[in-house]
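Note that subunit A is present in both complexes that follow, paired respectively with subunit B and with subunit C.
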Partner chain A sequence: MNVIEIDNVKKTLGNFTLDIPHLAIKEGYITGFIGQNGSGKTTTLKLIMNLLKLDGGQIKVFGKDVATESKQIHEQIGFVGEPTGYMTEATLEQTKQMIAPFYKTWDDALFNKYVKAFQLDTSKKIKELSQGQNKQAALIMALSHRPKLILLDEATANLDPVIRAQILDILMEHMQSEEVSVFYSTHITSDLDKASDYVVMMNNGKVVLYEDKETLDSKYLIIKGPKKALNDTLEKELIGIQKNAFGFEGLARLSENMAKTLGNELICEKANIEDIMIFTQRGSRK
Partner chain B sequence: MSTTTLLIRKELMYLFRNLKFTWVTTLILVLVFAVVYPGANLVACIIGPYMLVYGVMAHEEQSHSDVLNYTLPVSRRELCRSKYLLGMIYTLVVAIGVLGILAIGMQLAPTRYEMFRVLGTFNVLYILIGGALTYTALIIPIIYKFGCIKMRMIMALTYGVVFGISFSVTNILKEVIPQVSEDINFSLIGGCTLTIGIIAYVISYVISLNILKNKEYK
Partner chain C sequence: MDIIISNQSATPLYLQISEQMKHLIVTGELTAGDMLPSIRGLAKDLKVSIITTKKAYEELEEGGFIETLPGKGSYVSTVNLDILKEAQISKIEESLHDIIESAKKIGLSKAELKERIELLYEEE
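What follows is the complex of A and B.
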């Protein structure tokens, strides 16, 4: 079953147009949402949260239309946006007292557990927290009402590796104990290596890749070789080819055809998510 | 508890626990206008609800917690309704407070407050409430549409205009009322002011709801 279904969605903001014919996020999995700055990740998340209005198409979450049933949908979503939007003059404890009653499934014990895990001082005002602590506080608020879907918009951006790892660990721990789907955007590809089952890649407002992590790890290769080894057949298979005086390199999704065209002169290296993102972006610039 | 009530509770908690400067300043200004010069009672009653509504909205806008409201399990109708109910609550509380100050003033300095004695307690209350509701009705949709920061200059200008009109009208009334008090139906004036205020408030709510339903957070 799909937790989010995006159909024929169009949204224009200035010179940018988001155009997603179809995207379905699977329930019960962590789906990473990557793309360079300005590719449409935040726009997509805001459309799901009904913070932006669709120009065309439809988005459904838990089978409900976000345009008409957002109140019921938001009951089951834990959202961490950028900025987080919590009241800066309130303490975390006061924020909890103001926000918790809106959620029928709020769990104080869970809130306290995560506060202890992150070692946050709940008597400190939100504005007195560091950037990392702010994100941790926002994540605690998002998780404490036991949502069925967690949406994170660059939740780990600009954070040091230690805090990033803590946030991802808590997220993974939460996933193990709760039946929850996670859809999070990031441009830090190493986060996806640590925590994702599926990866969606955006570029210029379009979805250019949607694969499970296993396929990404096993089927994508960087092919390098001398210029003379680059024939028409191989060139058609490669994504984001870069040529220089000595040779070429490009990204390939391994297929039967691909395997046949590989010769002895070529070097094949496993591509990580960052490589896939760079080569895909390069390929779209032609 | 209904979602509208939760939203009202949330805003009151934030205002009185965390935005002490806003409500303390409001209280001082209301007292100053209500006590220092009797003719400025209407200004006091307008400023009170305005500052309390505007203060929270400005703070929410600055800290982006207005966006947080739209990610909660609340409808935009409930958000709008809570804001207008709060405006009404602030208006009633401030109006009754100002009336209380007037009542004390009428006991301590009867000649200074002669005009209000002639108008009558309930008519004064209706005028205070009607005036405050009319001003709040003007402000809320403008803030929703344009934001608090862009509207600051216009707010400052509006203050001057309202204060000037209130001053002038009060001075005129002070001259005219003793001469024509037998011919004027003050109940009609009070009733009309209140009715205009309520109608303006309802129209304002409909306009704000329309703005909020289409509002985007880019």
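What follows is the complex of A and C.
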């Protein structure tokens, strides 16, 4: 089952073009959306939220077309984007009172629980909150109606590691229900290294990688070695090779073929998501 | 039930989980009929992805260690501990073969090897 289905989507903004022939996000899992700044993550999320109009193609959420049925869809989505759009003069309590009536499923007990967990003062005005507290407040507003789809656009950027861990905990708590899906964009990849089930990577408006976490963990290697060990077969398999006076390094998606060609003089290291992002980006520039 | 996983280990996370659960079953800490934590609950507690715990449980199912009833959860199955132990022993024997081979290569005598094993065994 897919919670989001994107087909033949095109969107041009200035000299940037988003082009996604097909992308499906699975229901019941956490999918991380990574890529450099300007690679098209926010544009994609805004299109899913129907905050931008499509130039072509179709996006479905819960099987419904976002262009025509966004009202029903938004009832079940928790979205945190930039900027939050709350009135700066209103207190947190007043903001809640404005937002809550829009949702039939609003859960005040849950709201209070999160406020306590983040130690927020609901009598404070939005403008008096720090940048981090603002993000926390937005997240609480997005989650307190128990949405089935949680969409986060860089929601953990600018937050300290303790708060990021807390947010991860809260998301995992929501994931205890098989119906809940999370699709979140970030460039702080260590958050993803922990909990995401799938990873989608964007580069220059296109999806360049879509893998599940276990495959990412087990199949991607950083290969390093002396330059004389870099033969044509190896060079063809490597992504984003970098050579210098002391040797070479590159990323490999390990196939059986590949493993056989590896000699003793090569060092193979497990690649993390950040490595994969950097090498893929490097590879696409040549 | 203790499950301790390491993000730095070369062993994949799902294998770390399934191996430790196997150990708990073989040593009798988990017995037939015991209910296992849910895939999602375990992922939350271990701070790993759901895909990882799911794969660990699939591994255990394939090995006949656990059974999953849709909508109910996973249970430790009635495994024949003798057969399991037999399998473990043959694994140990395999490793011993390698050790003996290495010992012979450097001319270590049987008595010397035995002595070393005894010493290490006591330490454990």
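Just so it is clear, the second predicted complex is superposed on the first by the 283 of 286 C-alpha atoms of A that agree within 3 Å, B and C clash if a C-alpha of one lies under 4 Å from a C-alpha of the other, contacts with A are read in each partner's own complex, and residues count from 1 in each chain.
Assume a residue touches a chain if its C-beta (ideal position, glycine included) is under 8 Å from a C-beta of that chain, and two chains touch if they have at least 3 such contacts.
Here the structure is a predicted model, which is why all the values come from computation and not from measurement.
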Contacts of A:Gly81 with subunit B and subunit C, given as first, second, both or neither: first
Partner chain(s) touched by A:Leu168 [first = subunit B, second = subunit C, both, neither]: second
Touched partner set for A:Lys213, first subunit B, second subunit C, both or neither: second
Touched partner set for A:Ile267, first subunit B, second subunit C, both or neither: neither
Partner chain(s) touched by A:Tyr29 [first = subunit B, second = subunit C, both, neither]: second
Partner touching more residues of subunit A, whether subunit B or subunit C: B
Subunit B versus subunit C as contact partner of A:Met49, first or second or both or neither: first
Contacts of A:Lys194 with subunit B and subunit C, given as first, second, both or neither: second
Complex contacts: residues of subunit A adjacent to subunit B: 13, 46, 49-53, 70-72, 74-75, 77, 79, 81, 83-90, 94, 97-99, 101-103, 127
Interface residues, subunit B side, partner subunit A - complex: 1, 3, 6, 9-10, 13-14, 17-19, 59-60, 63-68, 70-75, 78, 214, 216-218
Of subunit C, residues touching subunit A in the complex: 7, 10, 12-14, 38, 40-41, 43-44, 47-52, 55
Touch list for subunit A against partner subunit C, complex: 28-30, 168-169, 172-173, 175-176, 178, 193-198, 212-214, 217-218, 270
